[in-house]
Amino acid sequence: MIPNVLAERYATAPMKAVWSPEGKIRLERELWVAVMKAQRDLGLDIPQEAIDAYEGVIDQIDPASIDARERTTRHDVKARIEEFCNLAGHEQIHKGMTSRDLTENVEQLQTYRALGVIQTKVGAALLRLSKLAEEKRDLVITARTHNVAAQITTFGKRFSMFGEELMLAFQELNTLLANYPVRGLKGAVGSQLDQFSLFEGDANKVLDLEQRVSQHLGIPKLFTNVGQVYPRSLDHQVVSILTRLSAGPSSFCTTLRIMAGHELASEGFAKGQVGSSAMPHKMNSRSCERVNGFNTLLNGYLTMAGGLAGDQWNEGDVSCSVVRRVMLPDAFFALDGLLETFLTILDQMEFYPDVIDKENRHYLPFLLSTTIMMKAVKAGAGRETAHEVIKEHAVAAARAYRTGESTGNDMIARLAGDDRLGLTSAQLDECLQEGASALGAIDVQIDAFLRTVADAVSGLPDAQAYSPGSIL
Amino acid sequence: MIPNVLAERYATAPMKAVWSPEGKIRLERELWVAVMKAQRDLGLDIPQEAIDAYEGVIDQIDPASIDARERTTRHDVKARIEEFCNLAGHEQIHKGMTSRDLTENVEQLQTYRALGVIQTKVGAALLRLSKLAEEKRDLVITARTHNVAAQITTFGKRFSMFGEELMLAFQELNTLLANYPVRGLKGAVGSQLDQFSLFEGDANKVLDLEQRVSQHLGIPKLFTNVGQVYPRSLDHQVVSILTRLSAGPSSFCTTLRIMAGHELASEGFAKGQVGSSAMPHKMNSRSCERVNGFNTLLNGYLTMAGGLAGDQWNEGDVSCSVVRRVMLPDAFFALDGLLETFLTILDQMEFYPDVIDKENRHYLPFLLSTTIMMKAVKAGAGRETAHEVIKEHAVAAARAYRTGESTGNDMIARLAGDDRLGLTSAQLDECLQEGASALGAIDVQIDAFLRTVADAVSGLPDAQAYSPGSIL
Amino acid sequence: MIPNVLAERYATAPMKAVWSPEGKIRLERELWVAVMKAQRDLGLDIPQEAIDAYEGVIDQIDPASIDARERTTRHDVKARIEEFCNLAGHEQIHKGMTSRDLTENVEQLQTYRALGVIQTKVGAALLRLSKLAEEKRDLVITARTHNVAAQITTFGKRFSMFGEELMLAFQELNTLLANYPVRGLKGAVGSQLDQFSLFEGDANKVLDLEQRVSQHLGIPKLFTNVGQVYPRSLDHQVVSILTRLSAGPSSFCTTLRIMAGHELASEGFAKGQVGSSAMPHKMNSRSCERVNGFNTLLNGYLTMAGGLAGDQWNEGDVSCSVVRRVMLPDAFFALDGLLETFLTILDQMEFYPDVIDKENRHYLPFLLSTTIMMKAVKAGAGRETAHEVIKEHAVAAARAYRTGESTGNDMIARLAGDDRLGLTSAQLDECLQEGASALGAIDVQIDAFLRTVADAVSGLPDAQAYSPGSIL
Amino acid sequence: MIPNVLAERYATAPMKAVWSPEGKIRLERELWVAVMKAQRDLGLDIPQEAIDAYEGVIDQIDPASIDARERTTRHDVKARIEEFCNLAGHEQIHKGMTSRDLTENVEQLQTYRALGVIQTKVGAALLRLSKLAEEKRDLVITARTHNVAAQITTFGKRFSMFGEELMLAFQELNTLLANYPVRGLKGAVGSQLDQFSLFEGDANKVLDLEQRVSQHLGIPKLFTNVGQVYPRSLDHQVVSILTRLSAGPSSFCTTLRIMAGHELASEGFAKGQVGSSAMPHKMNSRSCERVNGFNTLLNGYLTMAGGLAGDQWNEGDVSCSVVRRVMLPDAFFALDGLLETFLTILDQMEFYPDVIDKENRHYLPFLLSTTIMMKAVKAGAGRETAHEVIKEHAVAAARAYRTGESTGNDMIARLAGDDRLGLTSAQLDECLQEGASALGAIDVQIDAFLRTVADAVSGLPDAQAYSPGSIL
């Protein structure tokens, strides 16, 4: 059998449990039994012995037998009805139901539970980012824009920066979990006609039945006006949130790949790990790269979701079927794998303060070019003039270093000799000294991030306890 | 000049106003002045005369002059600073600011206002769907699944069905508008260092300044930990919601295209309108098709957004610049055009009850196959047997009609003659008669939809008053 | 284990064989042995006994053992090297090779072979389309544009129309198969340094070695300048062609879904098949819908490919790894499933000439509106006038039918009474009679299609012999 | 008016000329006249005076007047027919034509000409890559995989590596240009019925007419079996090739952004250019980033194309219309802008051999780890043992450097002291010395690239002469 590589290679047991074929059959049977009991309680004549018989065989799951049935009927649900009835020796399930009364609800339940698994792991990731933001709050690094030394920041701030992006998506996830609507028992075209017929037109019983099903599923809301299928833009919303949950980690990992290229930090390299079969010295950012790969996958699954939403005909059809069979579990497996990898990186990453410091020192005059400019302005230079003069010398200093004319960054010396700027060598040195630890609002910002995370995960004990397993 | 075809051909004035190049320059200048005033109020030495001078030239917008400057500096913001300063005869703006302190906030403001324009139109669309759901609540139509006659529904229910999908996305939009965070004045790498320097390290003033900017913009929330740029997953969220807002209308329009193919309803055909230059009889669903086209465009813009989110390096760069210049306005223009077209369709669509009735009568025995089956079960038949027997005769009736053996649908006659089912001809006729108006929970469902819409738009007078302009 | 649903539910044995994990391990081992033999033949000291030992254990494939090794090394290739060496009791494989010398070539071989499987099936599909175009060449149907009756066409022409689209992509596929370049043994960064070292700097031996590897693989061309990995735009080309191969079938199936809604034709309904578990009468276009679903999947895989191409760093990395593990096989499984489904539809579809004829007769006056217009012009009317008059009466006739004023299409009677047009009732009748079988260039066009297909598949005996298996 | 930002900000005059609204109207009128003349030559009674009249007003293009007409007819082609006829004072154009006989052919002509513009620029880019590959053939740089120092390569090889990717797409482009099929005059549903009627059923005249149109357009091939519209998978092919043409440049630019971060090379920084309005020292890779942005845009346009191909109904409709109005020109503008930017980068980029050399020297022991391993194996060590020992010391050397224990890379000293490897200090030194210039097959590879480019552009004088304009 060809395995699902995302599930088997990257995803974790709780996520696989949600989407396993056997697990799905079990969820379906539980739903059938729940409906049957509710129908009986509401007055349908269903013998207790039948219910008992069905309950007794819920766990007798034989995919091969079901497959064989499907090859004849060419109808997957019909095959599973037959199988379950045959095992139980009764014909009492699926009353007044259409296939989608079963499958839509069960697939939504899988989606809902999978979102719960994700919530735990994102919470765990936020906690780690928060912890690292705190720990590295003062570790000054060279911030880069356009991948070029820009100003000073701290490693802690970088964690909180990418953490804030993850938090944004986390809040979306929480909102979704609180408002996710399930389709319910709407019947063949959405009118609930067949349950109406069953209950002799008693609307209250039909609504009561649906409430009981909703309660069985544990999903907070119910659609009211769907047709045979629920709107696929709900799936689109789910997958789009999964994609956004991948964005912060992915950008962080891209940044860590760049930092590793400068030997400022790395994702770590485990004992026994091999970097390259050919080049013994290699220590690669393979986990970070993998995170980027998962992000790319998620973008593709979102394109699939976009091909469904907005292309639904009438009361529904199954042109979405094969897409959702693939897209939903695979998108969740991908994000599950991403989070597992990301957590591992956060737990195992290494910091190289000496190299960081070497870089900071080399670039310091550049990193403070704005500060110098503002000092010059205060000392009387025009802003545009100061900008032009500093630019001139910064560019010259960079060129001198790059062409081997100078061995280091001599911008300060150049500036000191230019009276258009009006700053003495002493003033410039003072500027450097003060500037090397001037962190602006970083402390305040990090504090805000820590508080936000603490609030966000306070009700999630599983997130607080979670540790990733060992990844491939 | 090559025009933006989405803006010029399909979008409306309010949306174009948000994104016009001149409008953007004005927003930038207003932001600069707002920052300047706030800096002055918080203690910076900025002469009133300079502020007056800048305010006096805000509307002197000369794109050609700015372009000429940009060709030298190769820096768009620098060109606009120079232009504004030159006009005002001062050098007081942009203090302690980096380009992104200007552009990110202004682009977010454009996005935020554009979301507001969309909110109005979606509200207007929901109101129309709600009105049509009410009006056509009892107009029985043949519901189709797999594009094949399934059961009875009503046209009103179809409106509420697609309306519920639109409502789902509308709620997302409202949540976004309530929580949208703006970047603020975070400086070159996010540390707010330069404002700190300006205010001699007084953190309170820096935070106060940012609050004033936020208030000037009128956006509810502030990011706290961004770098030079805000996380592009926020743009992704915006575009993904735009895409989902297009889904319900697009599926509705696809369905209306199919209905028009059966002459059950149409989008209307205006006086003087030409359907085809070659075929004089043509009355095409061109507006519906256009709605589908806009949906396809939005999927593409979302792919672009997906290429940005998760691929941000360090504290930021401009690899997203050209993408956002195109994707953001164009996605909004596309949805604006879609909604304008959709509103027009809802206002002008036509219903053909006679053809609808003809279809219903032809398919009625099929539409009630479940009801017949359930009646048979009550009368003593096994569910699987009844299903099999009805399937057999339904298939035979369909084939007879398709091969010209019969001129209509003779399924009832066939069933009456089969004692496996156990229903007499009279019982079957009764079934048909009762079934033709058995609408299940449709009334209750539509009522729920009407209430939801009424609540959702109660605070939106613009939506209530909105009428689309004339579309191409 | 979670199965790959595309592989297990929809794909066929030959495609699964290409991508099975065990199959891949075998291909790798065969490549290692081929390289080893070539290295020996070119002068490296590799004992025959080692080669024999490796060859003797090629089929001893134990995924669990390899997995265990990978959990330590965190390096998949290293794990497979160790396993193979351990089984053979030698350390002679992978000399001068980097992991990518193995994996890139083997994955390209899988891709190339999978393209071959696709070629066969597309050839088979073209043959069926060609056969149906021939058989239904004269079956007149109502052509629709904008889903509204337009002019006359034939069912045969529809087959050749969608067939021509498939042919376009087939030619792309054939061009790709003739030009597909394989990466070869380029070493760790593309310089082939390690093979150079092995052969003491003898360039000819290095090139000879690579030629032998290329020959072993059976792929026509070799890259010359790659780095560690080959450019991912080649994968993008592959997936984009797969996507285009899905377009013609998908549009055909959409059209067949619409036709089935009018009962003009259907995909067929097998004995024992169940359409709906709730509605016994349902005969659904489920296979057609599935084809559309596969097309949607392929669009998503192409988005993934787009996330790789253009985002490669330096000489290479593995941010593409997880993406390609999923995207490549799954895109092929999806197209394989699509083609299998499409072939089944073409083999089993049904035609309902009586319903077709009924539709033709109803719409005939409309279908000939251009012909009538041109006749009127010849008789002296202005083109624009004739267009306007016919439009007026066509619209009126449609409205009369739709509102129940008339029971059929009375356009001809209306036209006969309008002397602006200048055509008598007799002339109009003649027009109808002649027009009902006026097929323009359709015969010539179909002939051209038949010839093109015959040429294209003449060298593909497998395609000629191919029949789809039984689908779910 | 809102301008098309891609056209106005980034694209060049020849590309804008292809897609300008006025240019399109002119192409349409030329096609109408060409058809009219051909119809006359083949026997239709069209007065020369009418033809003259039309030709006389071809350049009287008044978009506002056409727009006004369209607002009534809601039919764009009808509006343009009326305008042209009104200007000419005749009603002789568009005979036997449907709108798509005009628009499809003209849009394909635009596409075809735009492909030609691209061909020239890609040819120019290949020539530059080839020249740089030659010039920098011996400039040794540190090749990186996983963004970590791997082995030695040369800058010239990097140019040829990315150049080979561009060449791959260039060959696709050339194949497309040689095989691109135009729709021709197929009439309302593809049967060419109306031309048949015009020519009294004379098939030869109809085919002759179409050949003349094809010749007028200058496009090599004709579709034979299309319906009202040509298959949108042809647009998909076009956009997918544009996307792939962007891949090589985009990956190159990403790599240059990384190199600029290490100050090894840069895209150049023009006199007067400003890097940052806040930080005077900034010299940013803004052009490279822009190239990446264009690549992201193209991926989005391809998603749009994917939404059209495979979703065509019957003989055609206009759900693709708004998509193609945007996607086709914008995709071409994006690639045009990308190529212009890329050419500028190639012309202006700077190389910093001193920094390059510094990096090489620091990493040399790592870069030669494979060479050392192979030497050790020759000297008697087992491959796996040698790999393990070198890995151990390489990792230790890296850690020592990163933690400040050592100031440089002391791996060689560590290896010399480990007798498991069996190499003396002298042997290791020799290894370093020889290895520093051991370039494997790079020379041979670059030669191959130069030849391929020379062949590919030999017939393209425009490409050889092309220089980019000044970019923003």
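By letter and in written order, the chains are A, B, C and D; residue numbering begins at 1 in each of them.
Throughout what follows, a residue touches a chain if its C-beta (ideal position, glycine included) is under 8 Å from a C-beta of that chain, and two chains touch if they have at least 3 such contacts.
In this text the structure is predicted, and so the values were computed from the model without any measurement.
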Query raised in the report: Tell me, which chains sit next to both chain A and chain B?
Result: C, D
Report task. Name the chain pair with more contacting C-beta pairs, choosing from A-D and A-C. Result -> A-C
Requested in this report: Could you please state the distance in Å, as a whole number, between where the Cα atoms of chain A are centred and where those of chain C are centred?
Outcome: 32
Query raised in the report: When the centre of a chain is set as the mean of its C-alpha atoms, what distance in Å lies between chain C and chain D?
Result: 24
Query raised in the report: Which positions in chain A touch two or more other chains at once?
Result: 144-147, 150-151, 187-188, 194, 257-258, 274-279, 284-286, 289, 292, 295, 299, 302-303, 306-307, 311, 313, 317-318, 370
Report summary line: chain D partner, complex, touching residues on chain C are 82, 85, 91, 95-96, 143-147, 150-153, 157, 160-161, 163-165, 168-169, 171-172, 175, 179, 181, 187-198, 203, 206-207, 223-228, 231-234, 236-237, 240, 243-244, 246-251, 254-255, 258, 292, 295, 298-299, 302-303, 306-307, 309-318, 370-371, 374, 382-384, 438-442, 444-446, 448-449, 452
Report task. Enumerate the contact residues on chain A facing chain D in the complex. Result -> 144-151, 257-258, 260-263, 269, 274-286, 289, 303, 306-307, 311, 350, 352-355, 365-366, 369-370, 373, 386-391, 394-395, 398, 401-404, 411
Query raised in the report: Inside the complex, what are the residues of chain D that reach chain B?
Result: 1-10, 16, 19-21, 70-78, 81, 94, 97-99, 187-188, 194, 257, 270, 272-279, 284-286, 289-290, 292-297, 299-304, 307-308, 313, 317-323, 325-327, 329-330, 334, 337, 470-472
